[in-house]
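Below are structures written as structure tokens.
Across the two complexes that follow, chain A remains constant while its partner is chain B and subsequently chain C.
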Partner chain A sequence: MQQEASARGEPAGVATMQFRQGSAIRQLWETNLEVFQRDRMALFGLCIFAVFAIVAIFAPQIAPNNPLTPLKNNEGDWIKDAMPYWLAEPGEDEAEGYTNTFLLGTTNIGRDIYSQLIHGSRSALLVGFSAAAAVAVIGTVVGLLAGYYGGWVDAILMRAADVAFGIPFIPFIIVVSAFLDPSIWNVVVAMAVLLWRDTGRVIRSQVLVIKEQAFVSAARVSGASNLRIIFVYIAPSILPLSFLYGSFAIAWAILTEASVSFLGFSDPETISWGFMLQDAFNSLALSREAFYWIVPPGLCIMLTVMAGFFIGRGYEEVLFPRLRRM
Partner chain B sequence: MSILSIRDLKVNYHTQDGTVRAVDGVSLDLDESQRLGLIGESGCGKTTLLKAIVQVLPRNGHIVSGEIKFKGMDLLKLPPAEMRQLRWREIATIPQASMDSLNPVQRVGSQLMKLLRVRGGYTKKAARKRAVDLFDVVGLDTERLMHYPHEFSGGMKQRAVIAMALALEPSLLIADEPVTALDVIVQHQILEVLRRLERELNLTVMLITHDISVVAQVCDSVSVMYAGRIVEEAKAEPFFASPAHPYSLGLQQAFPNLASPRDVLVSIEGYPPDLREPPAGCRFAERCPFVQETCHEIDPQLEVVGDGRMAACLRSNEMDDLRARAEDPTLWQNVEVTRLVGQPPTKSTDAGRGEPLGRPTITTHDEQADQPLADPCNVPLAVGNGRADLLLEMNDVSKRFKIGGGLAGLLRGDKEQTVYAVNNISFTLRRGESLGLAGESGCGKSTTGKLLVKLIDASDGQIVFDGADLSSVDDKELLGFRSRVQLMFQNPFEALNPRFTLYRSLTEPLIIHGWKDENERLQRVVETLDRVNLRPAEVFLDKYPHQLSGGQLQRVVLARALVLHPDFLVADEPVSMLDVSVRAGILNTTRRLARELGLATVYISHDLSLLQYTCDRIAIMYLGEIVEIGPSNEVINKPQHPYTQALIAAVPVPDPTIENPPLRIREGVPRPTEQFIGCPFAQRCPEVMEACLNVRPPFIADEQGHQAQCHLYGEHHNSPKLHREAEAAR
Partner chain C sequence: MSRGVAYYILGRFLQSVMVLWIIVTLLFLLFRLAPSNPLASYIDTTFTKQQEAALLARFGLDKPLGEQYIIYLVNLLKLDLGDTFSYSGKTVLDILGADLPNTIYLTLTSLLLAYAVGVLGGIVMAAMRGSMIERVGTTFTLMTRAAPQFWVGMLLLTFFAFQWKLLPSSGIGPPMVRYRWETEWDKLMSPVFWRHMILPTFTLALYLHGLPLLLMRSNMLEVLDQDYVTMSRLAGYSEWRVMIQTAARNAMLPVLTALTLGIGYSIGGNVVIEHVFSWPGLGRTLVRAVQQADYPLAQGAFFLIAVIIVFMNFIADILYSLLDPRVGASAQAQVS
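Let's look at the complex of A and B:
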């Protein structure tokens, strides 16, 4: 539009003011947009997240029953181990005194599996996104400070990273859970405390490269302060890298939460997919061939984890174009 | 008989953005023991041609048509296995950046012997003997045969690569930029090796370079490439005496020459056409000062224009007249191309309609043009005169770096070493004065530049800028200093934030220094862009750095340095990354603006001819010390210090009739971790005396302020001479 203006002979100042509105944010948005335009897999991953996000937000509306309350039949007994209605023998439910409307059957204490699955998406996404945000933010800040300032700041932060690398992850979470009340937030805390190490290292190395570039020296010669150089000049260049590690962290967090729940260290009052698997495992669902209890949560975990990695891959391809050939 | 004959060769690269016709119809003949120099700026297809000959094109490169015959064999029809046999045995190449082509985990001699045994069929014993001979031939110490590449200096690696190329006695040697990125003294010695080998072995050589003086020194014939075509072909002597294509004319006048300095260097504005859609007419038309209507329509072919000479120009019959007119540098400045990189020029010639962005516009400069300046180098200077206009003073400034220390080093048990980057240098700079810092890489000139702009702090000594000692400024004073001192960088492709529009990059310094009003900032930015000849400035404001060519980018970098109207500019190798054709434009603009704005300038460069062209005074640095300083012409024409003399003698002369004399100094700068009691240059000095080893030489000045730090001119000048052999044994 600006060139049209100058061709029409309008004063340059008026026209040229328009182009720089919010240019930094716009550019970041464009980078993100590019990731999803270029890579169908990343777009697919984003769609998966979107579907789960909608499900999580409207979980109480979608789920037909309370996931924690055992359902009872007309006689007040728990509807234990009901088959999904599409598998059950016709007429069995009426004989037992209830109407079988359960898409995925019930658990051994009469909880609705489908409702559990719906509500499970809430804890998965909650843990996934908050842990990812924590990992990305801590890792980015640590990487920026260590890379930019170097010297003792770098030494202290990177030795701390070494320590974090030395702590085994799952046992650490179990210990954390033992000290704190059982809660899905334990996973988030443990990830925030440990997993910033990878992000921090990678971002530090990138900062080391960028800060040696002449445009950073130019900013310093122009009198820019350290904070301005870090956040205006260096940070925008490494932000896609933070997103990359963030999207991987989502997958890791969901996987970790499932593992921890499966091992029995989760809050029994919060339904998560890992908790469902543990519940199924403990009540010998496998031996009863209750695949409708085991497969759906497993599939959901797999889908969300895959979505995280698909998006990560998309960022990787934009960041490291050479990968595209492989 | 011609050993290599190329007919109408066309090579395409398939890229995401279209097909690039990198080589577009090149025909070329190379006779036995001919030494052909292929000249052209980057992106003109020189290296692609080389890769097509040895058939190592990248996967997206395809030979579309044409013929390459080597000793009667059609290389394009040869099965790959036979081609493999031919490479290295018959056609040897010295690739670009060949210093990195040695395997770092194998000893140099082992690599050479492995080649001889695997490809040459030598026995173990014979291979060893041959390797020793080859080391001898290229002037390498045979005791270094079993050293690793990292133990070699740049020049030694280059020699080793030449030895490897010659190992199997090829009939054709193709060297791609063999001396680029080497220091001038090393460059001189490598050229000498090449020249000697040509004579002794009667080699056939094809030398690819952008540097016409290298061609003048090594080759007997010249081909000039432009935009995928050969535009001129001639024997070296007539070519250098009277080029027959406007592009060659421009190239020749763009080159600074120490022996016969020009008042104003020519800059061929603009850049080569987009090879995805080459123009219908002459490819040089857009940048040619002699362009006519017909040039845009008729594609000129190579035609014989004289005794064994060929040129592709429609006006070649008027060449004598054009040559005379080309002497006028202002002629070349009247062409200005504002087309952006990656945008094909619009083909239609109808002017007047709404000008779309990126259309080449021809504008004529007014009084702001880079006119020749009256005798720029001969400003008389007197030392200690006029302290009022003293801007900057360096008093015994030193900078030391510690390496191998820190926590990691402590734990590993590394010994901390001190690098003496800058040692006790002192000089003064007056307002509006320009000083050049020259020397081999590692001499501390860039560190000095960083000290001057306070990117790093001095370890010792005092830097006084306009009366204020830089070591004791507070934050507020520092910000004031920052607004008055600016730095211009070597690599324009890195000097601008790739995520910022040019407006953003240029407006940053203004924001930092508290320019609140957006309109004022915009006005200043536009005015500055206009000053550096980026016109119309509005076109450039919302562009990103990757949309501009190197020359345009360097102008933006200059604009950013000048946007605050500083008093002092440090330019660190401002044109070394740019093509020769646009270098002069940057230098002329910088020089003109320095005059207009009363700017004091420090140019840092390894290129003495460039410093002679731009600077009032030149300082020569060696191992962190200034060994000689004085008015440019004095230093260049009457060098006092043996090191300066060697540096000047090593600069290749762009004239095939003059051969550079052999140097009396060894290549390779000692590591700057040592401190010397005597003269730091004593180790390499051809004139070394006893006193040089024990007594630090004082600065000895003549009445023009020309000073050299050398015993030859002082009280010790009668000290007994030492023989180099004795020195080497020590």
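Let's look at the complex of A and C:
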């Protein structure tokens, strides 16, 4: 997947990043506020996440059926491949001995597709946000340490980044998922191990610029320790950049989790959108043209991934004003 | 080429070799993590203890870990990737050698298509900045990057292969035809092969075109602000001449670097598309090998993909330093 090259668009604008003055919390708050006030698409992305978060939290209440249990008709047979009630022939359900209330039909072994879709939001958001947090935190710390200390610390960390850039991403996650017990956390760990590299490099180059500024020398003269300078004086200025990369990382994490589940390396007891698509693909839903099964999970993945992109681009436009639409 | 540049290239090359060595070591350790005995799929329940021991000895698995590591490194240098567990009588190199061309055909065709469309699209988007067309176009491109590749592939398959029966749904050709291709040349000359390539290529290109398009657009916007572009405007050149000859040429550099990197990463990332279209390439072989616990094959495929990525990263760095006078032989190239 092309994701290694990152969606950020360009490396050239980094040098023109805008800094803010003032206290750490206020700087961060102002930047975040500006992103969502200025950019309607970023706000839209935030709304998408909010809606899916509500769905994920209340999934058991919203979903009409258990997503894993095959549903049975009056005779005790599985309700296989039922069409959505708005597509099915009227009366077909009574003839088969059940009442069709399925918004998106059932799978080939009689699981309720709509309930699976609702529950799928949980894995997507869980993986998306925890992987993004891990990537942003590791990348930020690596970038800060490498940029500030320079010398051998920088050399070791940046060679480690080179190694991470050389490891094929999806193959690595497949192998790790296959070797450990199936769990969505494998994807999170594997992503955290590899994807800090982009964030780390960019933040390092930014720290190189910031540490030459007057307020850093002033802090050093007044006797602040190295760690204090790094985390109290420098970190707040580059945190918006971590948010930028974190937003894109949410998108990549959701896409990656979907791919890994689709390839069959996820926990079969956890419903995810990628798993649903794998299920559809393997049970030949394509040749039956079962769009009600194939389309909804893909749309959900696309919406959540786009939400991450929109927010990331919002940060980009505030941090790198030259990219702004003119 | 100055001496500084030559030194820079040599340094980058040695660095790439080091990186590859570390990756290979990590790969060795990673595959010792495998939960089951690596021979579990190979060993029949009817095997006697002696037969099992003989088999372990054949694969060198009875030796201490350090010795196994040395043997592994020496074998890699000799390009001996071992025997597969699941395809009897074939070496890993045989299988990967047959897969690699298929992956390369798919990747290169898709990349060329994607970058041609992406560069042109990026120029158009930059020229039309702020317009409705630009907004719709950029949103569409973002959608293609957000949609999972395998899902797009599934939708295209449903329409073109199953509903309208226009194109084949999987593989590189029907078995009868495939056995008649004796060389890669025969394969490339066969219309059947190209017909099978249409859907996977289109799916991959649709995904890949986003990066060059967005890159080109933002580079163009950056370049259009520069004095020399204003100068050529003032000199009375037509808007399209300014756009193409002056701005686009300068905005192309990062796109070229992205293309070089893209070759490496796409070869490693085609896994999902190869799986959907049953395309017999490196990615599909890797997935199957992992599923069937065929560790030598999985390890070999992983190794080959990593070599390609590291090599293309190296080429991209060199290209960048040769094409961009600002980078030259200095350490600046590190700031990517």
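By our rule, the second predicted complex is superposed on the first by the 298 of 326 C-alpha atoms of A that agree within 3 Å, B and C clash if a C-alpha of one lies under 4 Å from a C-alpha of the other, contacts with A are read in each partner's own complex, and residues count from 1 in each chain.
Throughout what follows, a contact is a pair of C-beta atoms (placed from the backbone, for glycine too) under 8 Å apart; a residue touches a chain by one contact, two chains touch by 3 or more.
Predicted model, so just to flag it, every value in this text is computed and none were measured.
Engineer: A:A251 contacts which: chain B (first), chain C (second), both, neither?
Structural biologist: Only chain C is touched by A:A251; chain B is not.
Engineer: Quick one: chain B or chain C, who's touching more of chain A?
Structural biologist: After superposition, C is the partner touching more of chain A.
Engineer: I'd like to know which partner A:F281 touches here: chain B for first, chain C for second, both or neither.
Structural biologist: In the superposition, A:F281 contacts chain C only.
Engineer: Which of the two partners, first being chain B and second being chain C, lies in contact with A:P171: first, second, both, or neither?
Structural biologist: second
Engineer: Using the superposition on chain A described above, determine whether A:P236 touches chain B (first), chain C (second), both, or neither.
Structural biologist: first
Engineer: With both complexes overlaid on chain A, does A:R228 touch chain B (first), chain C (second), both or neither?
Structural biologist: The first partner, chain B, only.
Engineer: Under the contact definition given at the top, report the residues of chain A touching chain B in one complex and chain C in the other.
Structural biologist: On chain A, the residues that contact chain B in one structure and chain C in the other are 2-4, 7, 12-13, 159.
Engineer: Show which residues of chain C lie in contact with chain A when the two form their complex.
Structural biologist: The contact residues of chain C facing chain A are 15, 18-20, 22-23, 26, 30-31, 33-35, 129-130, 134, 142-143, 145-152, 154-155, 157-158, 161-163, 169, 207-208, 210-211, 214-215, 217-219, 221-222, 225, 254, 258, 261-262, 265-266, 268-269, 271-272, 275-276, 283, 286-287, 290-291, 298, 301-302, 305-306, 309-310, 313, 334-336.
Engineer: Where on chain A is chain C touching in the complex?
Structural biologist: 1-5, 7, 9-13, 158-159, 162-163, 165-172, 174-176, 178-180, 201, 205, 208, 251, 255, 258-259, 262-265, 274, 277, 280-281, 286-287, 289, 291, 294-295, 297-298, 301-303, 305-306, 309-310, 322-323, 325-326
Engineer: Sort out for me which residues of chain B touch chain A in the complex.
Structural biologist: So the residues of chain B in touch with chain A come to 354-357, 406-408, 453, 455, 478-479, 482-483, 485-487, 489-491, 494-499, 501, 503-505, 508-509, 512-513, 518-519, 522-523, 526, 536-539, 541-542, 557, 560, 564.
Engineer: For chain A, which residues are in contact with chain B within the complex?
Structural biologist: Within the complex, chain A contacts chain B at residues 2-4, 6-8, 12-13, 15-17, 19-20, 23-24, 27, 151, 155, 159, 213-215, 217-224, 228, 233, 236-237.
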